[in-house]
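Okay, handing you the structure first.
Chain lettering (A, B, C, D and E) follows the sequence in which the chains are written, and residue indices restart at 1 in each chain.
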Amino acid sequence: MIPLSWYMVLAAILFSVGIYGFLVRRNIIIMFLSLELMLNAVNLNLVAMSHYLDSLRGHTFTFFIITVAAAEAAIGLGLVIVLFRNKKTVYVDHINELKG
Amino acid sequence: MTIPILSLLIFFPVLGGVILLGISKENVKNIRVVALVISLLEFVFTLPLWFSFDKTTHHMQFVERHNWISLFNIEYYLGLDGISILFVLLSALITILCVLVSWNSIQTKVKEFFISLLLLEGAMIGVFCALDFFLFYIFWEAMLIPMFLLIGVWGGPNRIYAATKFFLYTLVGSLLMLVGIIILYMKGGNTFDILALAEQSYPIKLQLMLFWGFFAAFAVKVPMWPVHTWLPDAHTEAPAAGSVVLAAILIKMGAYGFLRFSMPILPDATSAMMIPMIVLSLIGIVYGGIICLAQTDLKRLIAYSSVSHMGFVTLGIFALNTQSVEGGILQMINHGVVTGALFLGIGMIYERTHTRVISDYGGLASRMPVFASFFLLFTLASVGLPGTSGFVGEFLILLGSFMTRPWVAFIAASGLILGAWYMLWLYQRIFFNAVNTRWDGIKRLDTREIITFLPMVILVFWIGLFPNTMLSYMHVSVAHLLEQVTGNPEGVASGVQFAAGHAVDAAVHGAQYGHKISH
Amino acid sequence: MPTYLLLIPFLPLFSFAFTFLFGKRLGVRSHWLPIVTVLISLSCSIYAFFQVKNGHHVNMDLYTWISSGAMTVSVGFLLDELTSVMLIVVTSISSLVHIYSVGYMKGEAGYYRFFSYLSLFTFSMLMLVLGNNFLQLFFGWEAVGLSSYLLIGFYYEKVSAADAGKKAFIVNRIGDFGFILGLFLIYASFGTLHYEPIFAHVDQIANQTFTMLGVTLNLPTAIALLLFCGAMGKSAQLPLHVWLPDAMEGPTPVSALIHAATMVTAGVFLVARCNPIFELSMTALNVITIVGSITCLFAATIALTQTDIKRVVAYSTISQLAYMFIACGVGAYSAGVFHLFTHAYFKALLFLGCGSIILAMHHEQDVKYMGGLKKYMPITYWTFLLASLSISGVPGFAGFFSKDEILAMAFVSPVGAGKFAWFIGTLVAGITAFYSFRLFFLIFHGEFRGTQKQKDHLRESPKVVTVPLMLLAVGAVGAGMFGIPAVLGGNANWGHFLEPVLGHPQVLPSHATEIILMIISVCAGAFGIFLAWKMYLKTPELPQKIRDRYPKFYKLSLNKYYVDEIYEASIIKSMLSFSRYVILNFFDIALIDTIVNGIPRIIGRVSGIMRKVQDGLVSHYLAYMGGGVVFILILMYARS
Amino acid sequence: MNMNMTFTMPALNPIMPEILLVCMAIILIFVDLFYPRNRELLSRLTLLAAIGIIALLFNQKPAVTFGTMFIVDPYAIFFKVICLLGLLMTALLSGQYLKVEKISQGEYYSLMLFSVVGMMIMVSAGDLIVVYLGLELMALSIYCLVGLLKNDPRANEASLKYFLMGGFSSALLLFGISLLYGMTGTTDLAGIARYCTEAGILTNPALLTGFALVLCGFCFKVGAAPFHFWTPDIYQGAPTAITSFMSVAPKAAGFAVLGRFLITAFPDSQDQWGTIIALIALLSMAVGNIIALSQQNIKRMLAYSSIAHVGYALLGILAGTSEGYSATMSYLFIYCFMNMGAFAIVILLCSKGNRRESLDDYKGLAKSNPVAALLMLIFMFSLTGIPPTAGFIGKFYLLKVALAAGYTWTVILAVIFSAISAYFYLRLIRYMYMEEAEEIIVLSYSPGLTAALTLSIIGVVGIGFFPASLLDWAARSLIGL
Amino acid sequence: MLNQLLFFYCALVIVSTALLTVRFKNPVYSILSVLVLFFHMAGLYLLLNAEFLAAIQIIVYAGAILVLYLFVLFLVNLRQEIKVERFIANHRLLTVVSLCIGFCLLAIIPSFKLGAKGNYPVERIEQLTHTKAMGLELYSTFILPFEVAGLILLVAVIGGLVLARNDKEVADNDVSDDSSTGTCEVKK
């Protein structure tokens, strides 16, 4: 039988990889992908836990998270398109007009 | 009290401000007249205080008390005792003179000017009347706003720096005090009632902490050395009226704060901090006196002289015996009158010459003899010539501090020499010596200006010759205060150590001698 | 309460107020009120004198001035022997000077101002002598200081005059510093400032001590010396004498009234008034005697070489005042007061004489340009001669009696410094005679050394000037009559009259010693006069020879021992630079204000740095946030 | 077995305001479709909705529905009122602003309504899932609102930055929730508290980590340091009306959730999070006040000041006492008025083609427009916390509770920081009153703007003089908890 | 045993693909590797017998969201992406930060204790089938979140519309038309 901790370790690693990508990549789309990685890590945690907790809460929560992820993707990508229209770029380090 | 006279005094000027708001800013004449009328009326309203005040009790009088913020049981709680009453009267009087002196000197934003002046008056009177610590703080801070504008909008070339310096300096102090107030509120049984707070006793560590908290606010206002540097700038840049209010009332509030809050509420800390406070005051006296010798700017010189004189005041307050404390209070009034008058005078000549540099003057005595005589009178009063108001206060303070610690008087008395030096030197450089031909055509005093001076002249002689008319208001309250602080209405025991406890048995009933002779 | 007593001070006060306020309109008529009022005061004073003589003393309070806790001081009057004498001196000389000024100040700008100030001075001086407590004494003390400040600086557009006035006030303040501390000590020991109870209990503070900052002092000595500081300031004793010569910048009548006859003697009056306290401290008495003696010699030697006539007289005043202090020091208070009395007249006479000469010379004061005025102004000549004889202690003149009494008392007194004082006194008697007659001869005899223009205008002064001279001459000659010592067949009324106040000197000289001492001092005087005659009439080139012989001494004396220069350099200059460079530039600007303005500046810097963190780069923001997360997590573990 | 349970209809009364608001939002979209020309109507309807809902809220009974997921208590109502006030004022301001900025999307108002719905759901959420969803609803709508000025690269940048950081923070939040869920087996706030105390795992590192991550998520939402980085950029870039909205409503909601999370879920571990909150608060004050000193753009300056004010508001939270929360609540209420007022002036100044967002544009305002200058003066002094303005009352209450909780040094530092803050508020006043105007600005007061200004000045001064009723209300709102 | 092997396989793939995703130069590759990752994630869900979620994972995530990404990626065609630097400047520092966070998250796992058991043991789920169980829960206990999720999607639709549509290009669209009228209204 697989202990819960394995799942949690996996989730933690996945989450930090996501953070890593989110921090270091300059392509916004890739950053979004990293964000999805993080969310997936969370989902994994939740599902695994609720499995071991004999409850469905985690599952349902995962379900909602996926929904929200979809919504976020829609809006985020919309923003990216607008950005591209304005500046012809999708690089995060090109948008530093506001600072100080 | 059938009519709430104190509320009337506080809010009538505010109302006046509102009335002024109504007048169109074009007809400046009316604005001035209305402002004058309002300030005069205000002064008239204060007169009942003077006459119907009961000198035989230390209890608060003309009390008004209503719930305000029941959640913290903050009250709208006003009242006067022998210590505060004189300041209320003085504030009302000074405001009239400020209106008069600003008559022509203020030409821009006249309406706003008089509005801020009246608001300031309301706040000042509020400070002296408030018996609820929270209420006091409200007035104390509210005062900053109009004063900040007075300096910053109508001030001299460097006004913005001065105004900001003044504001921040004071704000830092008062915020620290606020912390102290809140702590006191919680330790003192969730009340802001000053009298109730004074009833309890607090552990000495707490008292010391609070003492320094209050000190931050009051010492800055006084201003005590070394937190005095805002005063010269503020005075120098402020318009005449601003300087007058500043010198006459605002900086008194610091000392008043010590009397009203630090001493009765934190008696042990006060006694423990007596010597440090005295030392600071001494430094202030000497330092202020010496630094005046190096001043080249009229207003700066007077400002530094205020540092020195207020050093006397704080010295008197913290010497903690009857003579010194009463002297301190009287000296506050006197300094308000005299320095206020000096600033009035400076305002008047500045209006004519537009220079504050002392060396630009000279020989004015032959050009404006009347003015010269007035100014001489106030100079002498600030030097502390017997017969003028300046003497009585300083004498009592020195006597009192001598009784507390003889060496203190030795150092402080040197302030008298310095005072004579820089004031007479200043007078000589302005009014004596060869005439500076620039001022040949200088305008003499007109009636309005002479009228502006007269009340001050009267006060100078009145306080100088019949100080008892003022002192008699304080006796009971001061005795009560000292009893709260030292447990003895006479204040701390005499520090003059004779081989045999006292020099002569006459000393014990020496007082009776005085009385026997005088009746 | 006796009205006449109130009239004495308050009439001059009224005339001051009235003349000061309305004098401008009165113009040349503005001298009437002051003169009338001062004359009334004079008559009242004479009346008061006789009241006292008939034993009616007065000690009454007008009203309570200051009352705070146990401290109560009232404005009140004390009329006793000492007061009555002082009243006479003050009012009589004041009235003469008033009248004299009508002539002297004619056509001056601020004529009314002058007379109002004179009245103010008269009022203050009378308050000083009349007060029945120390605080009122102090009031008068400062008030006379004020009036002298105003009158010295009367020609305020002259920088030197304005300076002199200021100097006088400040130097006096230095004295008052001690005085007021003395008052505090008195209050601390007696619990009151009124004369009566103090002198009633004074014996109880004998060899009392009090401790300050661990130093234990003898109480009477401390009080006495502190009070004496005040006296030194007022009466221009070393080292606070510097203001008096400069005070000559004022109009001459002022010099006569304030800086010769009355105000400067206030110090002597103070010591005399407090004699019970001084009596308790041998130290104090010795100090007074020594200070007196030194000043006496010091001033006299300066007077030798001065050429400004008023300055010569001024220095002679200082040395004469020193005589009075010697008297007080050796416990012969009545002698001191006696000398005060006589000196008032002959010194006032000298000054007014100078004034009359200065009038004639059109405000030329340097003796170098005078000479041979005898034939132009006879009255001035004769009166001046009488005054000079009197000051030189020529037998029969007022100065003779008072001075010799002092010397005799000094010789026999138990005070240690007595003998020394006697020696100096006798020496100075000679010097005094010398410089007085030097002045006299230089002015009136020999050839006129001024310009032709001055010569044409030389003439005797008007009546209004000369009449007071003559009246004063009477005083200068006859004032001695009140105190002819027993040895010369007198009955020493003076001493007996003042005994209730000033007590009786412990030791009286035997007649023999007194005679001998007299002869010695007279010889000294005579020798002085002879020397003056020899040097300035007989062989006028002699002084130049001496000058060349002893240039150092000459310079020293001519430059007044450089005292002013020393003060200037050591105190004033250093104080001013201390104030500018140390206090203002270093402490106030460089230290405190740098901190005050520095804190905001530093915060501003920090802000500038911190805003760099907000560099607009999302990834960096995220990194910081991540850092924050880590930080918080670590904190959490720390607290778990 | 549990079929019958399945189809029991939960009580809808408690959630009625939210439902109505959603309906209104949808109505707005249709109105926008069918009456495209009628822009006024939209704002009117929004106002109507806001006022109506506020009225509705005031006579709502405390209740719990959807299991324990939706809680209506005075606490929630108080915060909902703040959010709706924010909505109300923004709606008032928007009329003029949209004209000037040529924002024509009809979705503007409906998105605002949706975000408010999200806030209201957050505020009364009793379950972390609902909290998360409400938060996302709010956040997504605001992302769109910020990016509404599509042709303005700055707005676009702002929205994108907000989106990225928001996504990051909610990821953290979710991970934290997952941990909490794993440790306690539930996401119900009350349940968490119950289990923690039963199992005695209050100091378990894993639990604390989860807690900390959730805390970070919320701190991001309220914009407390070190999660404040979005604030200045977004405030500056976003349309000013939205900025004003964001500076009040979402903050309030965030605080509501934070408060509920701490009170309901972790009441017993105050000594764990007290210090941390204190540090966060101090850091926020420091960052906000100090950086604001060197700002030249008013919106940016107000952004930093808002960070600082979050710091102050946190002083009430760290006490962990109900009095503390009521202090924070009343402060947020007051803050709504003074900040809205300030932004109203900013909007008032901005004109076609020239937004006048630089401080220099305020020079000599007192001469050309004394009224506007006076109002700004009062708002600035209120933000500084000078009596007799409302700002002082709020600050005083916060300091008091923090001291009562024994955080003396925190309070002293807070006081010093607020003294520093005086400097940049004063600077604006100096510009308005003591400098000479570079250009004479002619202002046009639209009725909506006038109303907003009147409302906020009444709030600032009125509460300044008569704070009693507000404070009592805030105190009463906590009796439920 | 088999489960464990399966887990290890999935875990391995997930981690490696995740790393690849964030390292790939070409975003298209990244997306594809994420696709792989999602599939294996679904596999894990199956291991945890959450078949419904597994399905959703594949349908929604892989099917919908990733495709959306791809579309956008091609919309903003970036040839130069291949050439330019992938990582923002000084990314090493940021790496450290992420490592720290990862460490923190891993460090606490040992002290993790499982919470209170719920009322859905595995066998009950199997008996109900996961889908039905989820359905029951969603429509009873989680009805409110469910509704809110709906709202979120609605907002997403509106927001996407608002953001994505280009006012200038489609002039005859009534929205843009009203926007233009809006502007002209402003003008007059």
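Going forward, a contact is a pair of C-beta atoms (placed from the backbone, for glycine too) under 8 Å apart; a residue touches a chain by one contact, two chains touch by 3 or more.
On a predicted model such as this, the values are computed, not experimentally measured, just so you know.
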(Q) If you apply the touch rule, which chains end up adjacent to both chain B and chain D? (A) C
Q) Which chain, with its centre taken as the mean C-alpha position, is closest to the global C-alpha centre? A) B
Q: Starting from the Cα centroid of chain C, hunt down the chain whose centroid lies farthest away.
A: E
**Q.** A-C or C-D - the one linked by more C-beta pairs in contact
**A.** C-D
Q: Using mean C-alpha positions as chain centres, tell me how far chain B is from chain E in Å, no decimals.
A: 71
Q | Centre-to-centre distance between chain D and chain A (centres being mean Cα positions), rounded to whole Å | A | 26
Q.
Need the CA-centroid distance for the pair chain C / chain E, whole Å please.
A. 103
**Q.** Centroid distance [mean C-alpha coordinates] between chain B and chain A, Å
**A.** 67
**Q.** Multi-chain contact residues (two or more partners), chain B
**A.** 168
Q | Residues within chain C bordering two or more other chains | A | 600, 611, 614, 616-619, 622-623, 626-627, 629, 633
Q. Could you say which residues in chain A touch two or more other chains, in rising order?
A. 4, 8, 15, 18-19, 22-24, 26, 32, 49-50, 53, 55, 57, 60, 64, 68, 71-72, 75, 79-80, 82, 85, 92-93, 95, 97-100
Q) Considering every pair of chains, which are in touch? A) A-C, A-D, A-E, B-C, B-D, C-D, C-E, D-E
(Q) Looking at the complex, which residues from chain C come into contact with chain B? (A) 20, 59, 61, 63-74, 76, 132-133, 135, 138-139, 142-143, 146, 149, 153, 156-157, 159, 162-163, 165-166, 169-170, 173-174, 176-177, 180-181, 184-185, 187-194, 196-198, 200-201, 204-205, 208-213, 216, 219, 575-576, 578-580, 583-584, 587-588, 592-593, 596-597, 600
Q | Residue ranges of chain C in contact with chain D within the complex | A | 600, 603-604, 606-608, 610-611, 614, 616, 618, 621-622, 624-625, 627-629, 631-633, 635-637, 639-640
Q. What residues on chain C touch chain E, complex-wise?
A. 617, 619-620, 622-623, 626-627, 629-630, 633-634
Q) Which residues, counting only chain A, touch chain C once they are in their complex? A) 19, 22-24, 26, 92-93, 95-100
Q) Once bound in the complex, which stretches of chain E touch chain D? A) 104-105, 107-109, 111-118, 136, 139-145, 148-149, 151-152, 154-156, 158-159, 161-163, 167, 174-175, 177-183, 185-186
